[in-house]
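Paired with subunit B in one complex and with subunit C in the other, subunit A is shared by the two complexes that follow.
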Partner chain A sequence: MSEPEKSSPKVVLVGNPNVGKSVVFNALTGAYTTVSNYPGTSVEVSRGHCSIADQRYEILDTPGMYSMMPITEEEAVARRILLNEDPHAVIHVVDARNIDRMLPMTLQLIEAGLPVILVVNILDEAKRLGMQLELELLQQHLGIPVIGAIMRRKIGLDQIRQAIVDYAMVPYTPFIYAVDLENDIDKLIRLLQGDYRLSRRAISILLMQKDDDIIQLVAECETAENYTQILEVVREISFRRRADLNLQISLERRKVCKQMLTGVVTQTIEDSEPFAEKLSRWMMNPVTGTPILLFVVYFGLFKFVGGFGAGTMVDFFEGHLFENYISPPIVGFAEQHITANWLFELLVGEYGVWTLGIRYAVALVLPIVGTFFLIFSVLEDTGYFPRLALLVDRLFKRIGLSGRAVIPMVLGFGCDTMATLVTRTLETKRERVIATMLLALAIPCSAQLGVILGLLSVEPRALMVWTVFLLLIFLLIGFLAGRVLPGASPVFYMEIPPLRCPQLRNVAVKTLTRMQSYFVEILPLFLFASVVLWAGKMTGTLENVINIFAPVVKLIGLPVEVTTAFVFGFFRRDFGAAGLYDLQTSGLLNLTQLTVAAVTLTLFVPCVAQFLVMIKERGIKTALFIFVFVTVMAFSSGWFLNKVLIVTGLLA
Partner chain B sequence: MNCGFCGREIDITATPGPVEGEKSCGGCLGGCRKIHCPHCGYANPAPGKLLSRFLSKKNKG
Partner chain C sequence: MDRLSELAEEILESLWVMTVEGDNVGCLLTSLKVTPDSAELQELVQLAYVEVRGDRVYLRKEGRMEAQMTVRRHRLAERLTMDILGMAGDEGNDQACAFEHLLRQGVDTKLCTLLNHPTTCPHGNPIPPGECCISAQQKGEPGIVALTELKSGESGEIAYLAASDDKKMQKLMSMGVLPGSQLVLVQKFPSYIFKVGHSQFAVDDTLAREIHIRRPL
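On to the complex of A and B.
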């Protein structure tokens, strides 16, 4: 490292996690930053440089910390930086919406004698919630520079840069706590003789709280005799206050914060709650949230994806463009010029790369997943999903999951393989196994869902049977799994982001990105599957496989031709659904058979990619067990549903 | 960027994904196209090279 860098004054960024520290860091330093482990730890610290008024500063972004009394390794590192780096300025970034909860740490930093600049970030959201902040008054109360900011729009950045340059350390006036506490602090301050970077008052309080690092520091800075005496006093105070010391310190700080914030924060009392807040509350309340969920499912999935995507769009691409304009010249060309039967079959035959691979991917699946991803991105951008997580949390607890499991479940409607991978974020092994099994069994992926909705939406009764039956299977298996697998359901807690109007750009970028990723992933797989099926047809293997499955398929009341859709489904769920679409448009299935086939295919085995991820995430034994269980469950359910529909004549 | 699920800020330079040195989590078939939120685990879509180039051009414009 060069000499000038060593001598650059240091500016340290501190604050709770997710208050925008990194945004301030990036805004100050630009692109030239380094990330390295803090010496002796595995905690990463980012360092960068910036020049303000011809002076070069080193900027350090510390891990999130909640208090000067560290609990986690990250917090310990953040405090060690404050202790060891001799900062020119310490920028404490707080979230304006939670200023009352974050200000106690500002008090601790000031109390420690550090050169603090307070940045009150996310002012726009606070204002939206009806909060008015008088930051000049807060500056007067605290005696340090206070800057209001909206860092994601770089508002306040110039003031921060100016405050760094102008920073002039002035002695602070201590915040006064209760008399008995002050007496104990004073006892220790009088005993401390060493040279410390933090104020003696801060050292005394941390000693009383039995902070190991500080005890070690005092041991190094004091004479042996003095250290023994200090420890004796600390022991006496800690014993006397053993029941309530930390609580009292915390309460005293809160009291001081309350005084500091008097007149600073005013909450505009609005006559009526903003509509977005009301809607947000309704979405999470089971009584109002369930009809909203049904509304979203009906119009978003059934009408838009099933009706528009799988109906209108597929009719246009497959029925009009491909059938009338694209396929005839290609098939005609092949008929004229290809004499070898095997090559003809490979390219444009029943399982040819054109007939199955490209046509399925482009004309059938892409329009459906496109519409699905569009509605998915709209819902994602509004902030509906975390509200859905809280809505279903209670129900999920009954099946051994928590609201957190909504994340893989929601992602499963996009792609079950990705969702299976995401189950690793669930807290307990029990939750991960249950979620993996439910994903493999009862969550259809986007294209499968779209095709099935498209096929069934022409007859609402069939759609209703499919929906209710799958929901029942999902709940029944989840409930049983929750009983069979031991363990408690973890508590689910999350901060709910504000409900917002979807942004056109966000929705467009997310939809196009997902479509691109999806298409790039499925096209080679579809082509590969069509080649395998072609090879199977040419060698007679496919016929043998179909013959093995045929009795089972017949047993659930379906024509033997449906077996091919199940074989397709093992390659990709959406490939199988597209196969079912072809069978239906050929007029091979009546309404009962179509519904039974749709249910069985939805429940049928996970595709190859999902199965591989299941092995990777859950191990071979669990993955194989789930595979066998799902296969048996799919055909048993199909058989049962077929019997029920025949006996009741519900779809006759 | 902000997570599409929990809304919290994601430091994309410190998160496995197709950015800054291609630190892929190795989960996706055919290369990583997702940025996993370190707070909630949600898989956020990461624009591919073509779309990123188009977006950065628009931003500059």
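On to the complex of A and C.
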């Protein structure tokens, strides 16, 4: 981090998932982090800046956390910020509708001696539910600034900015719990001598709860002798209270919160069930939810991404704009001015930077990925995904995953690389490995999907074979992985946020941000890949690699030319599919061969970017294992499918 | 009255299962694996609990109560070994068989109260109600059941969370799913969906089994 940033005071945003932290962050900094209606999508800490009254502040947006005692990786990330940074102010954002269950964390933050500002967000929806909140009174009770807000409409933003400027730390009076609990807390407070960023009271309580990070911290801050003594006391307390310590603490906090909220919240009877509630029920009921899912898949994925994105848009960009207007002058210019053959090849040759890099990236892939991200953002914004998660939980349990894994899986249909990153939000290592493997094997990314749908949709039977076969492989391998990999099966629990009407601006910005990051990430790779392929072609290495693969390709009943598509496929999954497209248009493949090639290519090793992310997230050993497994699986499945198709004459 | 021998209790139990719960008329000596002159059978005949006619044993009216209570003790013992002590399969069964003979002189009542008057054994067979169950029912005690036992649309107060996985429980607690909160079960399949306050949560059956609800009176 650079020097001037260090000197600007920090403001940390914390709160439950899905309460509008990121909206506050965006409003304060003007930057954009992805705002979603899906609990737990931001794993990273976003940093931005804002200036208020000539003072520059650094704003940190943390992943959602439910309490000071972290359970998941995201929560641990969020709390580490509170442990390590020295904030000027900590803004706790809560959902007004659920203030009674979010306030305990406010208590914990105050108790930790942090400079807390409470922002009660989503007041409008609370009002619609018949809730009236006296925030002035709550401010008196808590002794910290309390601001009511509707951040989506920027209401309350000025007050937040003012509160940041005006913030002055006041010593707080601790909230008092039951006597026996207080005695134990006191016992520990007396023993603590080190210098802590959090209050000793908070440290003591977290010690009693056996928080690993805090035990570590205490070990560093105390003398060895004192530390052993502390551990002794902690052990004694936590054994004595083994039955219900966590529960008692939660209940005590709840009691304090009730006092704090006396006179603050008044609830009038809410009227009839709104339409959103009904729709939400339909989505969660398997009888009505399955048709809704099919509807979404058919119109969203098949019609919009496959038809409009990969069809109309690509035809326009590729077939019309590039073919007729953009490419001819460029190629013509090159033909006239470039005499060196190698340079001509590098730029506009078959595998040239222009032909294979820019043209593919801009005209072929971007429209498809863009339309996918648009649909994904709309669905994400409405809150459909948590509902889908609970719908598929039972099925996913069979393949060793929980409903939670539905997000990386769906995202995988957009970009497997991004999806592999998101598997981080899954709770057990076992789940992460299974999800990574299934993404690498059986989930085609949108670019690949677009081209393959385009290729196979001319013959519905081929499309059917492709879909059914992939689905079977997905379930079979998932089922086997769930059986083979050690570890307990995951437990599913999830908060279901209310359905919201997607906001046009939100969806637009989200889609554009995703497209931008995708584009920034892939264009260099496209260029890199085209240079590698060009070098391979010029030196003859490519031919050698193709020759090595050729017998395998022949074995599964495909013409040798398809090998090129497979080798390309590793550089971008969609390269491979696009390569098939070229082969099909030149009439080299019959229907059976086309289907076998499409299936094998979909199953085949992920693109180079996904492989790199796999190494980063799962470690080299697991990544290599998956790589080898997927390759073997792809070709043997291709071989098998080819035999089946020939014997049955299904696509003859 | 002397206690019945363990083997005699086993006979009563089999008779109850086969003739009262099942539709057999009497029970073949061979299927009870006894001979007409074996001591445990004679013990029951003398008490007039059973009678032997030909190759079959019949449960007499006088023996019904004793048989019913024996079955009850066996199934309570199963609840104890399988639910509370966490023993599964054959081990659970064997231990339950050993335990059931200890559940006398009011121990069964205490166990039954501790288990909150269960109505079925882990295999789903009915547990005949004892006096404690009947009086609890008459007093109208609300009874605490797992979330899985609630019907869709039913509501109650969260009584306690059974903590088999500490982290998961803490997560639920920090999300506000706490004893004392009112809960409404919205849906049971494919996942359990419930409402606490203005928030909805989905959990699978593993977790749902650990959330215990006090039904309203």
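Heads up, the rule we're going with is that the second predicted complex is superposed on the first by the 377 of 652 C-alpha atoms of A that agree within 3 Å, B and C clash if a C-alpha of one lies under 4 Å from a C-alpha of the other, contacts with A are read in each partner's own complex, and residues count from 1 in each chain.
FYI, a contact is a pair of C-beta atoms (placed from the backbone, for glycine too) under 8 Å apart; a residue touches a chain by one contact, two chains touch by 3 or more.
The structure displayed is predicted, hence computed values, not measured ones.
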item	value
Which superposed partner A:I407 touches (first subunit B, second subunit C, both, neither)	first
Which superposed partner A:V422 touches (first subunit B, second subunit C, both, neither)	first
Touching partner for A:R514 - first (subunit B), second (subunit C), both, neither	first
Partner chain in contact with A:P386 - subunit B first, subunit C second, else both or neither	both
Subunit B versus subunit C as contact partner of A:M283, first or second or both or neither	neither
Touching partner for A:V567 - first (subunit B), second (subunit C), both, neither	neither
First, second, both or neither for A:Y66, with subunit B first and subunit C second	second
First, second, both or neither for A:A89, with subunit B first and subunit C second	neither
Set intersection of subunit A contacts, subunit C complex versus subunit B complex	386, 494-495, 498
Of subunit B, residues touching subunit A in the complex	4-9, 11, 13-14, 27-30, 33-34, 36, 39-43, 45-48, 50-51, 55
Complex contact set, residues of subunit A against subunit B	18, 20, 22-23, 35, 44, 380-381, 383, 385-386, 404, 407, 411, 417-418, 421-422, 424-425, 494-495, 497-498, 509-510, 512-514, 516-517, 520-521, 524, 609, 613
Subunit C partner contacts - residues on subunit A that touch it in the complex	16, 66-67, 69, 71-72, 97-98, 100-102, 104-105, 129, 246-247, 250-251, 254, 281, 284-286, 386, 389-394, 397, 402-403, 491-496, 498
Subunit C - residues contacting subunit A, complex	160-161, 165-176, 178-180, 186-187, 189-191, 193, 196-204, 206-207
